[in-house]
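Working notes for the structure below.
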């Protein structure tokens, strides 16, 4: 069993995809200075330069060292330095100290990337048919892996910039289309059995497997995300000061951290502003709330006399929705107001949606053998599932069965929420 | 909605039950010195004296102050001192400092208990029919609450005694019946829909509600618990030193805490001993392993190429099993070897069994209004469900639908495991 | 070299002294319940029961095991359990867990004390002349050691009681003599050479040695302690909110701990109260301020445009003052207003006076060989010297050359201050 | 009173000195990449870029804003960002997060420096006679301040580089002159009164004042520093494993941190290596030991049956020694073997020498009014005095009366030791 369950690209398409994904990473880093690329503002986050190196390491260790005869690593020290968490590969440079890797510098990491790229090309050119399938599978995984890190490059940079009182901007501000947000309505779903997990063509991660039967209870699913305007109502109603709305661990986190608003929010004069990838900006009332923890999302839902959806409810609903939205290619790099129209809005893009489902293995799940099996399985505890991608997710990286996961206290990802309602 | 969903005792039976439960607490404390009753060896644990007072506080605050006209609290300061976590009642004396409550002393707490008991009796004698139902419901909850704390009195005392190099004993050692443990076999279950949650007569907590339909996958359930002998095999095979067997958070805990065996185990000379409620004793090979965290249980299951059962699988199986076993009344106060015989063994008693289910609300669950609603609901995050009761659980306190819950790193409860197998 | 530099008691006087000191400890514990004797409210403090046992351990390990042929320890486990910090004796039970020693219980510790006492008597009765001198020296040290712990018994109990919202009292409140405190005046001292350190007859600790020459600068020494009334002026003038008055580490402590008044102070209604050994009581304006850290004392002195005295200045001044004052025998167990009259007031008793001298070895100091040499020398870093004894110091335990020492952030001792002035 | 007690430069000499000191900082940063300049490997250390900006901030805030009419700050945000610890100037950007200041980038900080330099020049050109003296005094302080930070630039960079497993080098390795180190001998000093503190011409910091009389005890002072060869003897003799040699706090630090050798030492194969500013290199046996804490230095001295000198003993001895040695201009950037010859060796340069003197105010010391008074005075607690400068100290920045100070656990500075002996 592999962590990548399905691939269907032709060899040419795969090479093209490899080049495009690798180029995307450098495009994302364009204009980001060498100092900015060093930023590690908390242990959960990593420097952009580290992401650029680690994604190359992934190809080097899992592909080149395994399959390219006579391959010499670019630098022997990198095996340790850029190993994220693969115990089977060996010891790892301590995660909280990634911001101390001034060497290799940015230029050397770029050289490392080119070195890996050219050797992957050489491997593709020379591979015989027996290894080609394994290689293609690993390249597919490596591309998807790199896309995950592309999202983190932006998420982590935002967190780094937010620590700087000068509020630097990553990209210039762009006006979002204006939409008056309509009142929430709930799509009704009857009790039903559905199939959950990846099906059909295309890549997926191993945690989307095995596809299996699940039972949905009768419920309603909100047709759009919760907005900043609605979040301000929650705040005005004392949401952050009412322990009865919070889970016990959530209240403890709120007290310990002094939360009174979403991460990056600040009361400036009469209004609220938030740090964005285009610097500090006034809150957009119609836009979805973002950078809230599971604890906050859950408290909001309780305040609204609603709940968060389960990941199964979300996935079943998403099957019928076009896989598009305010994803990275929109260039906004922030969530935007729902456009309106019939049906479920904002299912893909804008913000990762907290679900009330703990991140656990699907029935019959087994991690792959070896280092690559550490990719997903060993994180199946203490985290909650998020669905749908965000405004910094690569467009072709999201799908209805995609399972993201974070700890309930974490807020630095582009996380928001959609409500669900129990049947009356 | 109340946290107690069902009661069916007659008034007389209830009074009798109240008296018995209250007496049981004092019986458990008999022979335990005033200093021993002060022990708080970690923030998760509480002193026995605190349990004795807090269970009385529960009746005083939720029953007497609400329903007994003119009731004067035994001591105004106790409202704060013995409030565990009820935000709606008011501020709480800090949990980690419960071991600093030298006053009230043991005698004063006993007086407090008698004061509360006599006033509950007075309330029962004087209540009119309109309030009687509410009162009885609260007494029933209060008795079940006290039984939960009775289990903690022993669990917490053991942890306290284990810190003392003199290894004090709570009760003398009693020989357990000797049984040769048979090889594991797995009861086969086909894919099926079942009803989960409490049904029929008798008390249950609100977290066992609403009863709802669930889908079981095809699987097998082990017919007995994992034994110390099997655990020693896991240890001998390097189980504690093989990161590939562990969840990532689990490995971090194992590294940070230096776990190399279950809690309380120590290598003494050639063999292993463990701290028990009868002092330090050699490991009994046939007895179920106990005092292991979820992380350890999960790693063991992975090592055995098995998994932990879900709470639904466990509950469905337990419906067909007699509600008896090595519970508190056996007087052993430690898990004991399976007796053998047909069918599932050790489903009730011996050890709380870790399941692979996160502790989350059942579909449609809503906590009760007010302080009493804080009893269960606010803990539904970050914890895993355990089933079946233990050797220190009161016999009439356990049932098939009963859901216990602890954090995956916790080991001081009487926790062990039963394996499950995916369908071939 | 020994840690006790001088002894001059006759054998009979020594036996009498031994009996009296040992009895004093039990007298101090009279009426203190077994639970109260368990209290350890922070790692710096120890339970009263531990003090009672450890002071016996001191005689057992250093005297009986060394000099009484065939002596069998009362309990083998105690060697580890009641070793405070003597690396040469062996490993030590972890200090922060002394509050978890429920066994031995209070009665068993009393039995331990009697066991040790009777064997010390036996040793004294049987010792030959060659060992007698060593024995007597160790008994003298052991008595002085026990007196130090007697002071800690009260200090630590107060800290433990202060954590209890019921504010228990150790002894009933007694009215102190009322005195109107006169304005401060400063005794002028010219530049001069003085001899510092113990001289003449009587016991002293090794840190009061070697006696040596020191140079005093011209200065003035306040003729009484700083009062609560004066401290309230400091508070009213924003003393706790003016970083310019504080040492950098002091300000960090004040910020981290949220200090706004001395330890145990609380604003109750319009006035301030403080926890005392007789429960919570209104602040006495004329009494010396107590339970302030070095950081606070130093900030106060800077606010007053004064400084703290050096330990040499204090000692030189104390040489001419009678060794009496509000010490333990007064029974007040709290500092009291200066009585007035000519000359320096309150030099002995009331509060330990912070000096601006770091606790460092005197020129030529060398710790004794072996475990007993760990008594004082290894603490000569990071602490500041205090002089003069307090209201809980045994009357015959203080002298002009006595050096006490605590970390600058510590407040739970009976610490206060006297000002000094540089020459104009 | 000012923190700078003496200046005697002519106006032209001062301008020349200002230019030279400012240029020196940029020279030190030459060849250090923008990422390297971002490194902050612990809260005690600061990024090189921060040092470059903060030293400019010092001139901007204390000189330009005060004395240059109409001066506009280079960037309003810098007042907060580059304030180290001056409460009187306002709030400070959190010290542990200095490594997160990616903006301003290195080029912008260089521009900031030029901006400040040109305005200082303008101020000097335009100042009238009444302000000239104040200005010159502040420039002198600012230059000395910048030189202190120059030393930290190298010290902190070394610590940053040491975290990187690639062991980067700041400057190429240069061979040091080879010297066979002669046996230690001790210069004998009789009991005597001396004058301590700065005297005569030239700049000094306020902590070198007031000059005052002090009494030296009879003693001997070692004629050279302790070498690596001697330190290896200490290690071989179990120095790091013998608690009896250590102060109690020192032993706790050694245990908590796992010290078994000086900072940066590593056992590579058969020998020891150490990180240096020229990368990782084998230990040079004849060179002075460096990067040891006070605790280690004190333990070594006790092992050798010696002690550390007092700062008065050191200063009195240094008065008669030429102010030269292995300082920064030697270009070695590491301590080197003593050259031999008559008299005291290595008094200036090589390593800062721990003394047994706590860093406390001299008799009569008073900090200056206002922000500048925070420079030294508020750190006079919990630290120990070091004397003599090191291999990274600017040559004209050291003198006999110069007092450096660090906490006893700190090791990242170029700290070593010289022994002293009590009179026989």
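First chain written, first letter: the chains are A, B, C and D, and each begins at residue 1.
To be clear about the criterion, a contact is a pair of C-beta atoms (placed from the backbone, for glycine too) under 8 Å apart; a residue touches a chain by one contact, two chains touch by 3 or more.
Please read these numbers as outputs of a predicted model, since none were measured by experiment.
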**Request:** Could you tell me which of A-B, A-D or C-D has an interface matching B-C, in the sense that over half of the contact pairs are shared by residue number?
**Result:** A-D
**Fill in**
Expressed in whole Å, how far the mean CA point of chain A lies from that of chain C is 59
**Item:** Intercentroid distance (Cα basis), chain B paired with chain A, Å
**Value:** 38
**Message:** On a C-alpha centroid basis, what's the spacing between chain A and chain D, in Å?
**Reply:** 46
**Message:** Two or more other chains touching the same residue: where does that happen in chain C?
**Reply:** none
**Prompt:** What topology does the chain touch graph have (line, ring, star, complete, other)?
**Reply:** ring
**Prompt:** Which residues, counting only chain C, touch chain B once they are in their complex?
**Reply:** 33-39, 41, 49, 75, 77, 80-81, 93, 97, 99-106, 160-161, 163-166, 168
**Fill in**
In their shared complex, chain A is touched by residues of chain B numbered 85, 87-88, 191, 193, 212-215, 217, 243-244, 246-251, 294-295, 298, 356-358, 360-361, 363-364, 373-374, 378-382, 408, 422-423
